[in-house]
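Each of the next two complexes has chain A plus one other chain: chain B in the first, chain C in the second.
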Partner chain A sequence: MVKKINKMIKNIIENSNKDNEKNLIDLSQVRLVVIFGIFSILFISLFLRSVDLILLNQTPKNNFSSSNSIINEKNRADIFDRNNMLLATNVNSASIYAKPAEIINKTEASIKLASVLNNQNFSDIEKKLTSGKSFIWIKRQVSPKEHFEVNKLGIPGIKFQEELKRIFPQESLFAHVIGSVGVDNQGLSGVEKKLNKRLLDSTKSIFLTVDTRVQHALRQELYLSMKKFNAIGAAGVVMNVNSGEIIGLVSLPDFNPNIKIKPSDDAAFSRVTLGSYEMGSTFKPFTVAAALENKVISLKDGYDATKPLKVSRFIIRDDHPKERWLSVPEIFKYSSNIGMAQMAKDLGVEKQKELLKKLGILDRSKVELSEVGKPIIPRTWREINSMTISYGHGIAVNLLQVANAYAILVNGGKKITPTILLNNDNESNGYVNNERVISEETSKKIRGLLRLTVKSGTAKKADRIGYEIGGKTGTAEKPTKGGYQKDSIITSFIGVFPMDRPSYVIAIMLDEPKGIKETHFYRSAGWTAAPTVGNIIERVGPLLDVMPTKTKNYWKNFEATYISVKSNE
Partner chain B sequence: MINLGRTDRSIIGHWWWTVDRLFILTVFILMFIGVILIMASSPAVADRIGFDSFHFVRRQLFFILPSIFIMLSVSLLPPLWIRRIGVASFCLFLILFILTLIIGYETKGAQRWLQFGSFLLQPSEFIKPTLVIFTAWMLSEKMSDRTFPGYTITIGVSLLILTILFLQPDIGMAMVISAVMFVQMFIAGLSIYFVILFSIFGMVIAFFSYLFFPHVASRVDRFLDPKSGDSYQVDTALNAFDNGGLLGTGPGEGVVKEILPDAHADFIFAVAGEEFGIILVLIIIILFAFLVLRGFSKILNENNSFIFLTTSGILTQIGLQAVINMGVNMRLLPAKGMTLPFISYGGSSLLALSFGIGVVIALTRRRANLKFTKSIPEGAN
Partner chain C sequence: MNRRFYLLFGLILIVIVASLFQLKHQVVKLERNLIVNQSLIQKEKESLKVLKAEWSYLTNPSRIEILSENFLDLRVLNIKQIGDIEKIPFFIEKNGEKN
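Let's turn to the complex of A and B:
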């Protein structure tokens, strides 16, 4: 056999010397095998190529038709509010891309595309088409109408890629809660960013504690006040005082997350959770609560507020000077800085700090949002710091922290932390953790003082018949380099309702409101922030199952028990 | 059904028991796939150029029956008659072929056709199988008688035909015929020095074509680097396979046929990939591989030089056309217009291929004792 093959091979080379036909035919048979082999290799190559081409080729698909290929294979989970209202979901949409090499007339193609696509101009498209790249996106996630129009143009080399687009049916309403998602399906802010992995990994829907109806009322009232007082911004949060659930959270200006254009820094900035502000007088209840809890004072005690208080090089003045001795309820309702500073001095640094810590004021909030600011607290906390902090200066925190601290003060003193996720399993949230911050008794007293402030103090304009609203105003000048600017103020009001069985806290803030004729050009919190909260409560009360009542038993009881010193007014 | 006993010695009965029935079945399946694919692809082409939708389908069906008739009739013939009819047809078609240069019907810049009523005859398609028979005869004579100028005649006739093809022009056909002639001479025992010489000659021609023919250069460049120019047709064909995937988009659901100019001819394989998926693509490759390799395997032990030279020539022609067409469609080869045998649209092509495959079937029948004439040597015993 081997001999035969050797002979054959020899024949291939030396055939010219042979004239024997038998040898020639042997040679032919060997050469036939060679041709057979070549064809075998050719067909095997074709076979492998077709398998490679169709089964192993992972290059992005180029569709002539509406094929079902999808880049964003991963579907983000839907997001709902507490009443199963859809807040975020996905729809299929087309993205337009170009293969410039296949486009015959790039200028003509650019003109045509620009004529049917929104927010795209001719020169930008032409620049893209002539950039020399072999693949370029023209526009991602276009509307069905744009898809149809571009398809109708029938330009060769302009193609479509089907993608999942995240859409927010409530548009800008939840901009600072849910946040936004980029074209590549990654959460960019809010819950979408904080829970990005969870949303991508599981298609199980996420339910938020927010209530779309309340959110809408909150946003609309804030918007109206912002416009009315020419404020540059506004923020508000509605929270359940017993569970820490955030029912509404609005920061204005905001943005429409459906529009895939980066919002301005101002619109993207959350004044509720990211911005730290000196809150001013809304801080007073914390020091009062600490003093009452530690029995440093009783409601019958008081301080002299006849003249401004000199503490080393600082002079502490009152915004609404009464120039007389004031009882603790009076200090509270007239918002006396002089009285508060003396109370803080009596209380002492450590006890003040301890309560603020327990109220969650000194640490970054653990709410499930991606934009949460760290409070700015003094590095060294001396007596003078303690005195200014008692009326809300020298410390900057965010609005959500203040709302949460108020919730603890009025809910009977139980520790809660704010949450945005419904049915949160996290045990540190809500009722599960029954850690006490202040006593029931102190909580009752604070509730009385808050109600007193609305009934006859600085926040009278927040009062709404039947809702038993309590709260505290705050007006603070915005700090600049080396001092405060008189012209720019932040006014805030933290309201709680109903006072006989506190259920919700509503904290709002107006950024740089201006005085208007209606308010006799006053711009302080009592004139701007307080009525806004009153309006909000009037609208959301019924939605939150709080109906106006005629009974004022709680208030009568409180007055008889705690307030012996009658107001002179 | 036909029920033929093994002892049946009638022409048909004898044929039935000696012919390779699996081989015939393969050809029928390919023709059937062709009709289905032309039905899928050609209406788009017909609509585009203003014929009624089923123009090409009707014409292809019109040629199917005569083709099958020719294939089966030829397969009944003994080798001697194959040679006679083959050589006679070759002379006839050679004349018609030369006439195309004078009275040919011109379309798409090429003058390849002769008009007979509404039918356009392409003589070059018939030249392929008949030339193979003619040269096989010449070379087999050379093998039995070294003084016979077999190579000279083969090369001379080939050069004549290639010249006409260059004038038409039809470079694809010229390439296939050159390759077939080379394979035939190689099998006939061409000296290894000439084999090397011809190979070098072929490479030089290819190189000069690249240098001096801009369209050849651009096609090769675009194949080597798709970004260097417009490779739209081949890219579109590739996308078609991608679009089709495993099971295809479904008959008629593809869109590549709306874009490619020769979806019913040169790019019908891409239509198969898009509408019927990789399943049909693999089936077509396997059918052609089976046809060619089974044909070759039948002649590996054949001692009659005319038989194995003719058979190998025709199989090389069909196999090469199939490989080039599928290779171009799947971007394994530079773009070159080439029809897919039995599947692409084309009356002349179908008739000529059927004649050719009929010859192969006839020559690969089992023969116990064949009478050979003097000029066809009877093996070496």
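Let's turn to the complex of A and C:
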């Protein structure tokens, strides 16, 4: 019996064990599946991540170098002159800012900062620090020396930010060409403003037509004349007569674009392109050219200049009265207003206007600078306007326009537009050389007349051995309300050289020159502006690759053809 | 046979994995080098820019003029000094040709 029970129990246990065993196997299988599942998920995610890292994630992880390359990112393009001289570029510079909350002793910090920063005083800094703002600029774009000094102070809460600074290594030399740039990298004047978008969009350098050496010679000679004649300003432009390229452009007084100036400052004003002036006699060739072109006169004709001309309530006088009949070349070389007024009357308003329009005198110049003034022309153009305009009064234009018009007159009559950009292969250049303003013949005559003025007329002081220079002087009183100021004048001289094959026009202007002992207290253009241009040509001629000649071929031909009949002077 | 195959397979796997890791380390090292060099190039570029600006500043005509006046025995070129090369008599050359 016991045995039986025993056996039964054994059986039961065995059964239960078998059940247990089965359960155990089931359980371990479940565990295995769970563990396998977890691991396979992990491995799949690892695999996916590695695929992602290897194949899909292509961005390089070199944060170190990219953080350093601000100089390539929001860069302004560099500007060079025609000979690869660097005129404007960017360098890294630090700006100092403060987080006032982190500064322990604000007064002490202000004293320390004021002691090492230029142009900053203690009270201004302290005012800024105690203003309660959480972030303030102490000084933007400091010099490396200031950066070092401030860093050495080690004031907590004073920090630096790397910024780009626009610098102009040639300083004031190109002040009115390139202009300046503000702290926020926006052009404020000149090429920098006009081409601001282009300079910011592309890092490709811009090449200008200007030549640093010519620019320097022009600026220096103008500066010397300005000081010599005690003038309040001077301006000059050198231009290629065949391409319209501006080789030099100077307006004095000028400024250093590396240092901020007020836009209202006189030095910021461009007398070459922005200022419109009554040019006086330098306007005479335009009316003479129109009269010759329209066959109203020939060089053998002339006008009576014995006494001042009375036109309605105006009286037209001569500055250098000869009080006799004058031939056209004589009217030109003695700069006779009486003769010119009569010529303008014979020419007529429309024809005069037409040529001035074609010469670009009546429209705003298209040169790539931001400061370009609009010419001031009479609203109604009557005969009396036409007569005064013939000798450069009653119309105000800028010097660059006059230079451009002279270039057209002497280059054989081909239309050109002034430009400051080198290799400026825009569509306008193609037709420019074909469009004719005046005939070759008229251009030749004007050249002869310009040479005559320098050889034996009002501009004798511009003559130099080696170059055949031609040109025309202009002396104009500055207008005030309802009249003219007798004591403040503008003298100008537009010179062209060499006359046998005109290449360059040099136009200059002196603002309020005074007579000096050396000039016997004369202050007219022939005494002030003309010799300045002579000096400039002497200096820049060799630089511009113009070969000096010892013969006066052009003059001889001209004289033989046109003047010989009337050289009874 | 089967076991040998597995052994061989295992060995190849170990070699491949080891060399892959080696390669990876080398790549990381090279990349680090690259980053360092790139930043060095960047720095050089920046100092080049500064040097170019300085060169332009130091060669500005007014400064050169002052230096030339102070240190060189040169005078301003006169237009009379410019002439044609044909007008210079090269006697020696002509003699040489004749001989």
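The working rule: the second predicted complex is superposed on the first by the 481 of 569 C-alpha atoms of A that agree within 3 Å, B and C clash if a C-alpha of one lies under 4 Å from a C-alpha of the other, contacts with A are read in each partner's own complex, and residues count from 1 in each chain.
One rule holds in what follows: a residue touches a chain if its C-beta (ideal position, glycine included) is under 8 Å from a C-beta of that chain, and two chains touch if they have at least 3 such contacts.
Everything numeric here is computed off the predicted structure, so don't read it as measured data.
J.: In the overlaid three-chain picture, which partner chain does A:92 touch, first (chain B) or second (chain C), both, or neither?
T.: second
J.: One more residue to check, A:464. First (chain B), second (chain C), both or neither?
T.: A:464 sits against chain C, while chain B stays out of touch.
J.: According to the stated criteria, A:184 is in contact with first (chain B), second (chain C), both, or neither; which is it?
T.: neither
J.: For A:487, select first, second, both or neither according to whether it touches chain B, chain C, the two together, or no partner.
T.: A:487 contacts neither chain B nor chain C.
J.: Given the touch rule stated above, what does A:545 touch, chain B (first), chain C (second), both, or neither?
T.: Neither: A:545 stays clear of chain B and chain C.
J.: Of chain B and chain C, which one contacts the greater number of residues in chain A?
T.: B
J.: Where on chain A do the contacts from chain B and from chain C line up?
T.: Touching chain B and chain C on chain A: residues 62, 64-65.
J.: Could you list, by residue number, the parts of chain A that touch chain B in their complex?
T.: 12-13, 15-16, 19, 21-22, 24-25, 27-29, 31-36, 39-40, 42-43, 45-47, 49-51, 53-55, 57, 59, 61-65, 67, 101-102, 134, 156
J.: Where on chain C does chain A make contact in their complex?
T.: That would be residues 31, 34-35, 38-39, 42-43, 45-46, 49-50, 52-57, 59-62, 65, 76-77, 79-80, 82 of chain C.
J.: Per the contact definition, I'd like the list of chain A residues that touch chain C in the complex.
T.: Residue list for chain A touching chain C: 62, 64-65, 68-69, 71, 85-87, 89-92, 167, 169-171, 173, 212-213, 216-217, 220, 464-467, 538-539, 541-542, 547-548.
J.: Under the touch definition given earlier, write down the residues of chain B that touch chain A in their complex.
T.: Listed in rising order, the residues of chain B that touch chain A are 143-144, 146, 183, 186-189, 191-193, 227, 229-230, 232, 235, 238-239, 241-246, 249, 255-256, 258-259, 273, 277-278, 281-282, 285-286, 288-289, 292-293, 296-297, 299-303, 305, 308-309, 312, 316, 319, 323, 326-327, 330, 332, 377, 379-380.
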